[in-house]
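Common to both upcoming complexes is chain A, partnered first by chain B, then by chain C.
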Partner chain A sequence: MSAQSYTAATSVDEALEAMATGARPIAGGTDLVVGARGGKAPLPDALVAIHRVSELRGIREQEGGLVLGALATHADIVASSSACELFTALADASAIVGSHATRTAGTIGGNVMNASPAMETGGPLICFDAVATLRSASGTRRVALTDLFTGPGRTVAEPGELLTELAIPTPKDGTGSCYARLEYRRQMEIAIVGATAVVTLDGGTVRDARIAITALAPTIHRVAEAEQALNGSDASDAAVHAAADAAAGASRPISDVRGSAQYRRAMAAVLTRRAISTAITRARGGRFPIPASPALHGAVNGGAA
Partner chain B sequence: MRYDATLKVNGRAYPVAIEPGRNLLSVLRSEVGLTGAKEGCDDSECGACMVLLDGQPVNSCSYLALQADGREIVTIEGLAGEDGDLHPLQQAFLDQGGVQCGFCTPGMLISAKALLDRNPSPDEDEIRLALSGNLCRCTGYSGIVRAVQAVAEQR
Partner chain C sequence: MARLIKTEAVVEGRTEVRWTLVEEDSTPEWPADQPPGVVGEPTTRLTAGARLSGSARYTSDMQLPRQLEATVLRSPHANARLTSISLDAARAVPGVRAVIGPGDCPQFDGEAVLHDEPPYGGAAVAAIAAETREAADEAMAALDPQWEPLGFVVDLDQSLENQTFQDDPVEYERGDAETALAAAELTITSDYLAPAQLHNSMEPHCAVADWRPDGLTLWSSTQGIYQARSQLCGSFGLDQEHVRVICHFMGGGFGSKFGCGPEGVIAAELSRRAGRPVRLVLSRRDENLSTGYRTPARFSFTIGAGCDGRLQAVEASAVMGLGTGGWAYPVLEPVKSVYACEHQHLMTLPMRLNLGPAAAFRAPGVMEGTWAFEQALDELAEAAGLDPLELRRRNHTDVDPSTGRPYTSKRLLESYDLAAELAGWDARDELRSDGRVRRGMGCASQYWWGGGGPPAYADVRIGSDAKPVLTVGMQDLGTGVTTACAVVLAERLGIRPDQVTVRTGDTDLAGHGPFSGGSMTLASVAPAVRSAGHHVRTQLLELAADMFEIAASDLELTEGEVRSTDGTLRRPIHDVTEKLGNAWVTGSGSRAPNPDGMAVNTFGCQIAQVAVDTLTGLITVERVVAVHDIGRVVNPMGARSQVLGGILQGIGFALSEERVVDPTTGTVVNAGLEDYKIPTLADLPEVECRFVGEPDPELALGIKGLGEPPIIPTPGAIGNAVAHALGLRLREAPYTPRRVLEALQ
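Up next, the complex of A and B:
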């Protein structure tokens, strides 16, 4: 581990000042420190710890939506009734990150800025039209999550930019959502394939469908063809299948020790179908456990380990 | 360069001077001198290094010691009472066969304590989920789960 200098910021301004001279932020360290210990990348030379910056904490409701501070942890998100009610797919995602210890240390800001194509919350945030606020010593800008990721581990953020919060607009009435991941075990897992569905129903008709795929391309992204297959439909099994096949068709998976590209593509259709069906169930007011993943895959009790 | 910090461990303050890259586990074991928390994987996978930080479980092998400056840390040494009486979870682990080689035990007990602190009456599934970040190569887990259940039922 190579870090030479360390400072613990107590305000956003202090953090930005350190970042302007080259320091990299550290929040929970569950990506940064673990990556360094695993030999993936050494710790940055200069670190600015942001865990004491109270302005970056918490989840608050504001006119028209929810604001997640960059330091909101996965445990905070799962404990938020607004997040579970309105942004169920996001709660599905945060609830399956690592173990309980990972979820109490790991933050949404770190999850997003680490920009792994297999990370959990990206699909839900993109489908819910989340907007990130990026601040640097020279100004503030807002970037839609859908434009944030540029490749594995890469975002449009400049080195001196700190993610301060994520704003998510309240979905329209009649919306249900789900994030589902293919996992070989329930916890301490990395998504082999992930799918997000956010579906707004008007009577029996799909008014708006958002579908995103995870761990199936260099970045997490929405699939327009899958959304078109659902929009205007009666949410029938045929429409759901067509959308799921479109999602699989748009995937460009890799082969690795966790699964071949062919297997991932086949599972892309299965996971997308399950995510859409559950989103529709929820949009109709039906209850489905959070997190959806273990229950969806047919395990006992909503999923014994 | 080294930085001064104060680690508050099991209610006692320990002044330390440490490099930025040092992990909390190594400082607890080498500088503070408490070797109860173990290094299994050094990579956040096994949970042998679990300690409580401000009441929440954290994998201390993968947490920067400087980030714990001034915060409340509880290690396995902090579970038993002043007079050496075992914590109910420690006693239950012994009674139920939850300990064999003992290497995972400090981390298991910390995760189990954190669970009962946030949910005093977990069911079996909740116990297994809460301990999913702790690996045990000996017991097959059933004694551990029984021990946590036994304490939950006493409450």
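Up next, the complex of A and C:
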């Protein structure tokens, strides 16, 4: 599984220079190296390590939102109080990626650009209107996350483009959010089915609802019918059920050893319902533990519908 | 004086008669009324620091000078004939030092190691040793094997129909089951299907072989260094004195690593040909295709009882899928031996399938048999209108029901009582509800052997620094037996366990010893260690007597000091040992046999509480109460750790672990850890762990084993708890969300 060449960049420009000649970027290595060892895909011929590029690190607040450097780890996100308060669904997702070791080594940039339809953070980033900055030797462009994914493992990024940061605008007051996944175990798991809900309440009325489904289609995407079912409603159980059923109706799951298409479709409704209910609870100022998933399905706090 | 004696030992349900060399032993037993010092105190593993920091060197970490890396070509077909292979093309790849194909490798335990007709997907066909892993991979691609696929059977029922047995069917009869069943007031019949559970030891099977003109050294991840040595001698026609097997640190085995394994023979043959050390480490996928699994089994029970719930007769059959190896593990032992029941007719049918060979897996047979039979008993309890624990109490037996032998000790009834109290058993019906989340509680009994026995030998030496070195003929497969041995020695010498250096896992260091299996290691070696320690203690006290002019009988070793019983003398042990200069005081000990004519068993009871999410089908094990009778507990910290591990592995069997075979290709579809779901530490429920056993009065040091017992009742207790929660019973494990939802519909 050896690569032919390996360089370690100290700046974004150096990394872009290497990428312009065909090198693939590597940071935590939790997808690329593990995949190569497991025989999924060989390592690329040329690698450029970006883990020492300090300008790609960290999470910073800027006017109107939060900026996640491409090297921000899942553990960084969970440790960020702004992320937990304002982008709770993203914290829900980041807190359950892989294991403790994966979350400490794995980066948000790698997670996004790996473009797995089962990745945990994709749904929350899409629903929060995150925008990716893609830089290459020839320029910079910004792509909304909702336009980034084109298929399993595929994005609109060109070979020489590096994701440098993700900008997420602060949601409006009265917003609550949740990412929930169906998991067969508490760690080292990949979503069998995932659902994201970002709900903004105005008084008792849903002013804006964002709902995305994960591991239920070739790409993670929002479901307009589900959002419509909730928008303008009083966030009643009936509205939540209708939205969840719409999300399930939009799913196009596959059958594999982890679950049949039939089971996944049935679970799409259940998971979406739990995500929406929890988002509403949080939008109303109620507290629900982060990550939401174990508490949602676990026995102890299984209050959601 | 040494004597050769003939002894009987029960190993995982099989009785073995052995001749064994035993030394006379005058070591006094611990007085019953006096706690034996550090024995029974929680002791941190001696190797914890090395394991945590990564300085512990496992076989897979070995890096010898000029070491080559090996890979193995495995068949991708469920059954096939190799029609051609380009060994020479592989040899021509730069960096390749040895290539072997079918016919080039000695046999392992009388079986082919490299197959020209590989009988299962994952069977080894050829092997390569090269300077680097990459060169080996390139050579692998150059082999260009051509296959003629053959017909295969991977279905248990199909194999039964074809009557293709991998081992002889086992029939057991006592009384007249047929007549007794016909006369029984209550009769229930039920079926259960147990999955194939894969071992997945943290360290895969691996070997590093260094073949030299003066002999072979094999570093092996093995549960039996002496067995490995015998196998290598057999395969290569070598003398015992010219084969050394080493296993210093080991990342688990769970029964799949007895002996050197085919990987040991392959590594040795490649090393012999290349004249260089060779390392062979199996990939996780190869591990899960070729190194064993707990056998899948279909159980059928017909149980007859009185209206009072007392068992009268059982007819039972178990059809096991052994694949291409393994033996008829005692799957019906829980029927035969746990409860009083006069009439039985039991049939075990070990079938051959085109799958890898089965291997012993932590309580082989007994765990899955307990899972099935303990649930059938709950069905009987329901039919009889009895509390499940009450049913078990009513069927309690004071003697081994198959032999009539008395037990050396048995505290099963106390286990039921304490487990019920800790679990809140009497209020268990209050857990139940019709809501989205349904809770329930279930119990199961535990029965195992684990009395230990000879052969086991230990040597102790102590030099001027007063820090003893203990050498034991064994290997620590990760159970913590090394630390327990240090505890036993420390008690005799009046020092702390962490002052003891324990050397194990090397056939050149100590003559002989037990393999790590059957929950027998500690019960086997601890008496030998204590005896060796006692000899050293006696000599140290005699030396001290000379120095301080106090009779040895008035001296004792306590807290690192030599003390006189009247309290007038307190001097560090070091004051005595420093006079030794570079000399040592040494002592040896061996293990005497257990009493004849008695049954040695562990017992226990676990109670599980579960919550079932009826919308997703997900089951959460919320709490497990584990009460076990294992005789004397040497290190409660290590013992609790074993119980937690057993419970977690049992949860895997019950809820998520299942080898899935594609019926159309006959190959395993989830051999990797991404899709084969082992529970993680985060899935561990709250565990209340207690030991009710007093030191066994008939056994040396009163110790019984604990490796296997904790996993035995867990899946059965979970199955019963799920049935209690849902009011219906799942007959096939693991209880995946899909199966739960199907059962609910």
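The definition used in the following text is that the second predicted complex is superposed on the first by the 297 of 305 C-alpha atoms of A that agree within 3 Å, B and C clash if a C-alpha of one lies under 4 Å from a C-alpha of the other, contacts with A are read in each partner's own complex, and residues count from 1 in each chain.
Keep in mind that, in the parts below, a residue touches a chain if its C-beta (ideal position, glycine included) is under 8 Å from a C-beta of that chain, and two chains touch if they have at least 3 such contacts.
Only a predicted model underlies this, so the values are computations on that prediction, with no experimental measurement involved.
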item: Chain C versus chain B on the shared chain A, clash or fit after superposition; value: clash
item: Chain B versus chain C as contact partner of A:Ser99, first or second or both or neither; value: both
item: Which superposed partner A:Arg186 touches (first chain B, second chain C, both, neither); value: both
item: Touching partner for A:Gly259 - first (chain B), second (chain C), both, neither; value: second
item: Which superposed partner A:Val270 touches (first chain B, second chain C, both, neither); value: second
item: First (chain B), second (chain C), both or neither touched by A:Ala3; value: first
item: More chain A residues in contact [chain B versus chain C]; value: B
item: Partner chain(s) touched by A:Gly38 [first = chain B, second = chain C, both, neither]; value: both
item: First, second, both or neither for A:Ser81, with chain B first and chain C second; value: neither
item: Partner chain in contact with A:His51 - chain B first, chain C second, else both or neither; value: first
item: First, second, both or neither for A:Thr30, with chain B first and chain C second; value: first
item: Chain B clash site on chain C (candidates 133-141, 151-159, 439-447 or 637-645); value: 637-645
item: Where chain A meets both chain C and chain B, residue numbers; value: 1-2, 38, 99, 185-188, 302, 305
item: Residue ranges of chain B touching chain A (in the complex, touch as defined); value: 1, 3, 19-23, 42-45, 47, 50, 56-59, 61-64, 66-67, 69, 111, 114-115, 125, 128-130, 132-134
item: Interface residues, chain C side, partner chain A - complex; value: 134, 436-437, 439, 610-611, 613, 615-616, 618, 620, 622, 655-656, 660, 669-670, 672-675, 677-683, 736-738, 741
item: Sites on chain A touched by chain B in the complex; value: 1-6, 8, 26, 29-30, 33-34, 36-38, 43, 47, 49, 51, 75, 98-102, 104-105, 185-188, 301-305
item: Contacting residues of chain A [partner chain C, same complex]; value: 1-2, 38, 99, 182, 184-188, 190, 256-260, 263, 266-267, 270-271, 297-300, 302, 305
